[in-house]
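Okay, so chain A shows up in both of these, paired with chain B first and chain C after.
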Partner chain A sequence: MAKVYTGRDGRLLIDGTEQIKVTNWSLTGSLEVLETTTLGDDQRSYVPGVQEFSGSATLLYYNDGTGRNDAATALKKVLKIAGVQGTDTVDMRLRLVEGNTNHDVRLTAYITSVSFSAGVGEVSSAQISFQGTGALTGVTI
Partner chain B sequence: MAFPSLRPSSRSFDAGDYPIKTYKTQNGSEVRILYGNRRTNMKMALSYENITDAQAELFLDHYDEMKGTFTTFAIASQLQNVAAKTGWEGSHDAIGAGASGNAYRYEGPPQVQQVRSGISTVTVNLIGVL
Partner chain C sequence: MGVYLGNVGQVELTRKSLEGSKDSLVNPSDVNAVANRFSFDFNEGFLITGDLVELATTDGTDLDFVDATGWDGGVVQTSGNWYVYIDQLGGVKLYDTFANSLDGSATGLISLTAIARDIPIRASIRDRDARILACVINYELNTNREAVDITCLSDEYRQQYSSLISGSGRLTAEWDYTNNDGDETVHYLMQLVLRTEIGSSFHAKLYIKKQDSAAAGGPFDVGTQTNDSLWWEFDALVTGSATSFASGQIIQSGIEFVATGPIRLRAQTTPGDKMLQETGDEILLEQGAGNALLLEGE
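Moving on, here comes the complex of A and B:
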């Protein structure tokens, strides 16, 4: 059956936990290429270099009534007194759902920037950016 | 072992000069004395970008075989290895050293920059000497 995916199908999981009140996420994958063109060539040529994965997400700053606040948990990955350690990676899964099928991109990442704000007439939300480290750990798109 | 037969990514050539001594007199005029009839000290810089480590190793091996900067060698003539002069559509003698009775030697060690696993960039500087 034909399927158009929308934000309704989107999910974001951090360390295996589906985040609540996510309003958007995005992922960018890029490949650095190394030029191998030599004198006498008429066309440029390249070999693959290293890959990079990064992205961002926005979560409402929301307390579900049981004390769970996923936005705060994500913010604390950077907003911490002790400083960020090498072990402070997160397991990110960016998901589109189709019935019982999950289309995932999974990666280990550092949360590299966070921001949140409060304003009159606005819902407070947290914006996080993440930088993948190492290879993707799963791709089922 | 011949100089590696790889096509460079870029090449620069300095044509050198004849052995000339220049003096400035007190009245400002210049006196030049020509001490030889052969041009020398030409310089060629070759850059090999993003080559495999095995290819980069060829330069290190050749450098070692030439006893570093000690031994002279030919990098090209019309009949032999011309890879270093690829792209030059004039006479190969014009950017060589041999036509003036010179031969190239390494001006310094080849510079190897590792770009990623298995891929390196090598820069070689040669100087023509009599």
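Moving on, here comes the complex of A and C:
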């Protein structure tokens, strides 16, 4: 059946927990290419180099009834006194849902930047950026 | 359901300044004790005829350029409140009542005394008297509630979160500038929009139904509803004025304003209980005759 995906189908999971009040996420995958063109060639040629994955997401700074605040949890990945350790990676799953089927891109990442603000007439939200490390750990798109 | 016409509405405003006071200096040469007129350094438009102004010395000395006859009890003090009349040269005359200050005549004029020293003063607009705005043809008030979109991924319906409230409006009145039984004229609001130093704020009560008014038709209980009154109440800034002239037509002035701070929709549907003295007399407020101290509703 034809299907157009929208924000209604989107989910974001961090360390296996579906995040609440996510307004957007994005993922960029890129590949460095190494040129192998030589004298006498008529066309440029390349070989694959290193892959890179990064993205961003925005979460409303929101406490649910139980005191859970996913935005605060994400912010604390960077806003911490002890400094970021090599083990401070997160398991991120960027998901689009179709019925019982999940279309996921899963990666291990560091939260590389966070920002949040309060403005007159605005809802406070946290913007986070993440940088993948290593290979993708799952792709089911 | 009763049917009400615009005739049951009215506009009431209180002069005030949200932006503070003005410090200045009164020199001996500023006081003309013959004409009972004085001046101090203030920008054109800082004071408007009819303003109730508190004058106070800032060095603790007496405000002795105001003659003792102009003080309650005949004793000169460090501060006092008077209504002002501003003449064409920016001079200030002090008056005992609002109506007298609008006339600018000798009636109610406070006598001044020559001084031999500089007196530092602070001038503040006092918000005390609420007055009806005369000859209002129509008014309009818009209140808005902003909504912030908090729709998130996986939501199927947009979700909104209520945010800030704002208000704005306009009114139109027939133009007049003279004393009108103690009512304000729209000319005051036209002057207010031009006032620079302390802003163009005023306190407004826009009545939907004033006291002693009735529905034009439909069910209406004369015994219990006649004295009901309902009104919007807020502080506002005049943001624009326009006056139209056409041959053979009444001159009308339109005023635009924006509300600042809270906007309340109030209603008084029960007669207020008055606090009385032991003698049985009412306790009157400074606002003048007929303004008695009321008990807070239960």
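Note that in this section the second predicted complex is superposed on the first by the 141 of 141 C-alpha atoms of A that agree within 3 Å, B and C clash if a C-alpha of one lies under 4 Å from a C-alpha of the other, contacts with A are read in each partner's own complex, and residues count from 1 in each chain.
Definition applied: contacts are C-beta pairs under 8 Å (C-beta built on N, C-alpha and C of every residue); 3 or more make two chains touch, one makes a residue touch a chain.
These numbers were taken from a predicted model, which means no experiment stands behind them.
K.L.:
Do chain B and chain C fit side by side on chain A in the superposed arrangement, or is it a clash?
P.N.:
With chain A aligned, chain B clears chain C, so fit.
K.L.:
Check whether A:60 is in contact with chain B, with chain C, with both or with neither, and answer first, second, both or neither.
P.N.:
In the superposition, A:60 contacts chain C only.
K.L.:
Could you say whether A:49 touches chain B, chain C, both of them, or neither, answering first, second, both or neither?
P.N.:
First partner only, chain B.
K.L.:
Between chain B (first) and chain C (second), which, if any, makes contact with A:22: first, second, both or neither?
P.N.:
Touch partner of A:22: chain C, not chain B.
K.L.:
Pick one for A:37: touches chain B only (first), chain C only (second), both, or neither.
P.N.:
First partner only.
K.L.:
Touching A:8, do we find chain B (first), chain C (second), both, or neither?
P.N.:
Second partner only.
K.L.:
May I ask you to name which of chain B and chain C touches more residues of chain A?
P.N.:
Looking at chain B versus chain C, the one contacting more residues of chain A is C.
K.L.:
Between chain B and chain C, whom does A:134 touch in the aligned arrangement: first, second, both, or neither?
P.N.:
neither
K.L.:
What's the minimum Cα gap, in whole angstrom, linking chain B and chain C in the superposed view?
P.N.:
Minimum C-alpha separation, chain B to chain C, in the superposed model is 39 Å.
K.L.:
With the touch criterion stated at the top, can you tell me which chain A residues are shared between the chain B interface and the chain C interface?
P.N.:
On chain A, no residue contacts both chain B in one structure and chain C in the other.
K.L.:
Considering only the defined contacts, which chain C positions touch chain A in the complex?
P.N.:
Those residues of chain C that touch chain A are 146, 148, 150-156, 161, 163-164.
K.L.:
Would you mind writing out the residues of chain B in touch with chain A in their complex?
P.N.:
It comes out as residues 6-11, 48-51, 86-88, 115-116, 119.
K.L.:
Would you tell me which residues of chain A are touching chain C in their complex?
P.N.:
So the residues of chain A touching chain C come out as 7-12, 20-25, 60, 97, 120-123.
K.L.:
Given the complex with chain B, which residues does chain A contribute to the contact?
P.N.:
For chain A paired with chain B, touching residues are 34-41, 47, 49-50.
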